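Quick heads-up: structures coming right below.
In the two complexes below, subunit A is the common chain; its partner is subunit B in one and subunit C in the other.
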Partner chain A sequence: MKIEKIAQCDFLETVFIPENFDSEILIGHTGDLLSEVMRNCQENSIWVTHQSHQNIIAVSEVTGAKAIVIAENLNFNADTVESAKDASIALFKTKLSAFECCGKLYNLLKND
Partner chain B sequence: MAEEKNDVDKLVEMLSKVFVNIKIKDIMTSPPIVVTEETKLKYVKDIMRIKKISGMPVITRNQNLSGIISIEDIIKVYDSGSFNDRAVNWMTKNPVFLNEDDTLMSFLEANEKLNYGRYPVINRNKKVVGVVTKLDILEWMFKKLGYIYVHDQRREETLNKRFTSLLTGEQYEETRIDFRYDIDYESVEMVGIAATKLKKFLLSKYIKNDVVRKVSIATYEAEANIVIHSGSKGVLYCLINNDHVKVFLEDYGKGIENLDKAMKEGFSTATEKIREKGFGAGMGLPNMKRFSDRMTLISSPNKGVKVEMLFYI
Partner chain C sequence: MTEFRCNFHNHTVLSPCADLTMTTENYINFLTKSSLDWISITDHNSSANVRNYKKIIEENSGIKVIPGIEVQSIEEVHILVYFEHTHECEEFGKIIEESLIIKSYNQEKLGYQILTDESGEFSEIIDSPYLGSSSSYSVDKIFSMAKKYSTAVVPAHIFRANGLITQLGIPPKINFDAVEVKSEKEMEKAKKIGYSKFIFGCDSHFPQQLENISCYIEADSRNFQNFQNSLNSEKVIPVWQP
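And then the complex of A and B:
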């Protein structure tokens, strides 16, 4: 699924989308334990988390996740957004809980 | 080792008659602890000390048998050699070996004539797949006979660690390093710099995407361990070979106190503050093992940790 289509979702607020972002989002993952995310998050994922610090960008780069959603109306740290620019990772936030957000994303990707 | 036939030999001989058709592969210690030809003797010595063994096969890069190196050879080095010499220069060449499909009879015949401490075992493709010693045979027999045989407990402990993989011990030349990165920051938020830089480097060398992914995940975990746990700086090296990528990570910090525990999923010594950030899930070492094709880790308290991971391309 194209990132533009995901960005149109009313439950997501775009924090940052890299220019010329051409990765397709194929699947999702949720988790806050970085090693668990490392193990289970697949390439071309959208990752729903509560972690806001800069390291989530490195985790995305390593696992091949292309977008991160921060749940519960939390905010990314400023240096996280800066790192996302360097690493070309899309960032969104949502007022929903991680559970609700995942449910909506699941249906969205499944019906794509 | 030309000694008179002792009680152990007599016992092995006696009991073996009952089990002559048993195959060596059922008895041998596998995977074996081995070193490559180019391993420096100082590392050979360390491996013997840490693994508490008195000798081991020396293999070529293709895992073929090259020789055998033992404590006796190391003693000779003390007399007239240098510990910077390579295993290949001091090993016993053309060692007697057994095939994994040989029976106990072949061992007995070899032992009758030669009485060596250990015999490398090779498979059909001539790769070294195990080591068999008299004690292995005795132990196996006693187990078979239903006796509780408490044999050198320390050796059992070190050899049966879950993660014990083929210890290549291969040393890397400074000139052969394809990628090097110094891990010299202390902030956990920065973990992943080395792993992501390595990922970009490997992709630029046209290593397949799925291999690069495995390498960078395992490297990320090792990097996190250095930053969170070692209390020291560390360094990452990577070598690209024909059929595999090898990653080394070293630190000079406090080491791992209990490796069995550390390998267990969910076990972590990370502080609460670190855990809040999502680290310290107790999955670092298990993930490294899972995503690498072979992993070796050497550590003792206050001597740092050396990790070597191999990924087939």
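And then the complex of A and C:
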């Protein structure tokens, strides 16, 4: 799925989308323990988390996740947003709980 | 030079997850049975019991106590902060307490948080905030706040629950004074990701654990400078727990 289509979702607010972003989002992951995310998150994922530390960008690079959603109306740290720009990772936020957000994204990707 | 027997990670009755028998009386009972020389008091997110425990332990056992606190960051990383001065530990502890994100909690389910007085008697039950909560501060912020004082900042049990690497996956770019590991295997793993300075603690939550020696420090006396020098020069000698 194209990132533009994900960005159109009414439950997501775009924090940052890299220019010329051409990766397809194929699957999702959710988790806050970055050691677990490193083991289990798959390439071309959209990842739903509560974790805002800068290391989420490094973990995305390692796993090949291409987009991150922070749930519960939380915010990314400023240095995390800066790192996302360097690493070309898309960032979104949502007012929804991680559970609800995952449910909606799951249906979206499944029906694509 | 003397080889001091140490254990720098211990909780008191103030920590909700610590046993209710982690009283000053039991500290004295178990510590005097042990051959320990140097310890620290490191409750979760508060230093309110440090002064009284330190005074009672030092007066009754001859063991030296480093004032400390185990802070939980917003990323749920546990970080030990050791202080040269008790009043600074208390000041920092108050800032952390005020930043805790869970204010009220169920004491019966999650454990009592008990303050002790100068004689070691229970003086007050703290029902807010919940000391098992996270602070609103990040790891980076806690490090920089702690470094305004004379301190050693050491992420606790980095590969275990609430450990730095468990939570953050990759070491953040922070120059910690050391990291705490629990086994030889963990120490080897930590070396591979770039750590070279270590501390080894028992993380005592029950009185029986207070007897355990978790490391040795060679120094001419038990002052904070020597503690920091041992960390910096990679000279803390581990005693692995079974």
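To be clear about the criterion, the second predicted complex is superposed on the first by the 112 of 112 C-alpha atoms of A that agree within 3 Å, B and C clash if a C-alpha of one lies under 4 Å from a C-alpha of the other, contacts with A are read in each partner's own complex, and residues count from 1 in each chain.
Just so we're on the same page, a contact is a pair of C-beta atoms (placed from the backbone, for glycine too) under 8 Å apart; a residue touches a chain by one contact, two chains touch by 3 or more.
A quick note: this is a predicted structure, and the numbers were derived from the prediction, not measured.
Undergrad: Just to be sure I read the superposition right, which of the two partners does A:C102 touch: subunit B = first, subunit C = second, or both, or neither?
TA: In the superposition, A:C102 touches no partner, neither subunit B nor subunit C.
Undergrad: If you stack the two complexes on chain A, which partner ends up touching A:A71: first (subunit B), second (subunit C), both, or neither?
TA: neither
Undergrad: So which one touches more of the residues on subunit A, subunit B or subunit C?
TA: Of subunit B and subunit C, B contacts more residues of subunit A.
Undergrad: Contacts for A:M38 in the overlay, against subunit B (first) and subunit C (second): which applies, first, second, both or neither?
TA: A:M38: touches subunit B and subunit C.
Undergrad: Counting only touches as set out at the top, which of subunit B and subunit C does A:A87 meet: first, second, both, neither?
TA: first
Undergrad: Check whether A:Q54 is in contact with subunit B, with subunit C, with both or with neither, and answer first, second, both or neither.
TA: So A:Q54 meets both subunit B and subunit C here.
Undergrad: For subunit A, which residues belong to both interfaces, subunit B and subunit C?
TA: Dual-contact residues (subunit A): 32-35, 37-38, 51, 53-55, 58-59, 62.
Undergrad: Can you name the residues of subunit A that touch subunit C in the complex?
TA: My answer: residues 32-35, 37-38, 51-55, 58-59, 62, 77.
Undergrad: Within the complex, which stretch of subunit C touches subunit A?
TA: Residues in contact with subunit A: 74-76, 138-139, 165-170, 172.
Undergrad: Report the residues of subunit B in contact with subunit A in the complex, numbered from low to high.
TA: Touch residues, subunit B against subunit A: 188-193, 195-196, 199, 209, 213, 216-217, 220-221, 224, 277-279, 281-284, 287, 290.
Undergrad: For the complex, give me every residue of subunit A touching subunit B.
TA: Counting only subunit A, the residues touching subunit B are 32-39, 43, 49, 51, 53-59, 61-64, 79, 87.
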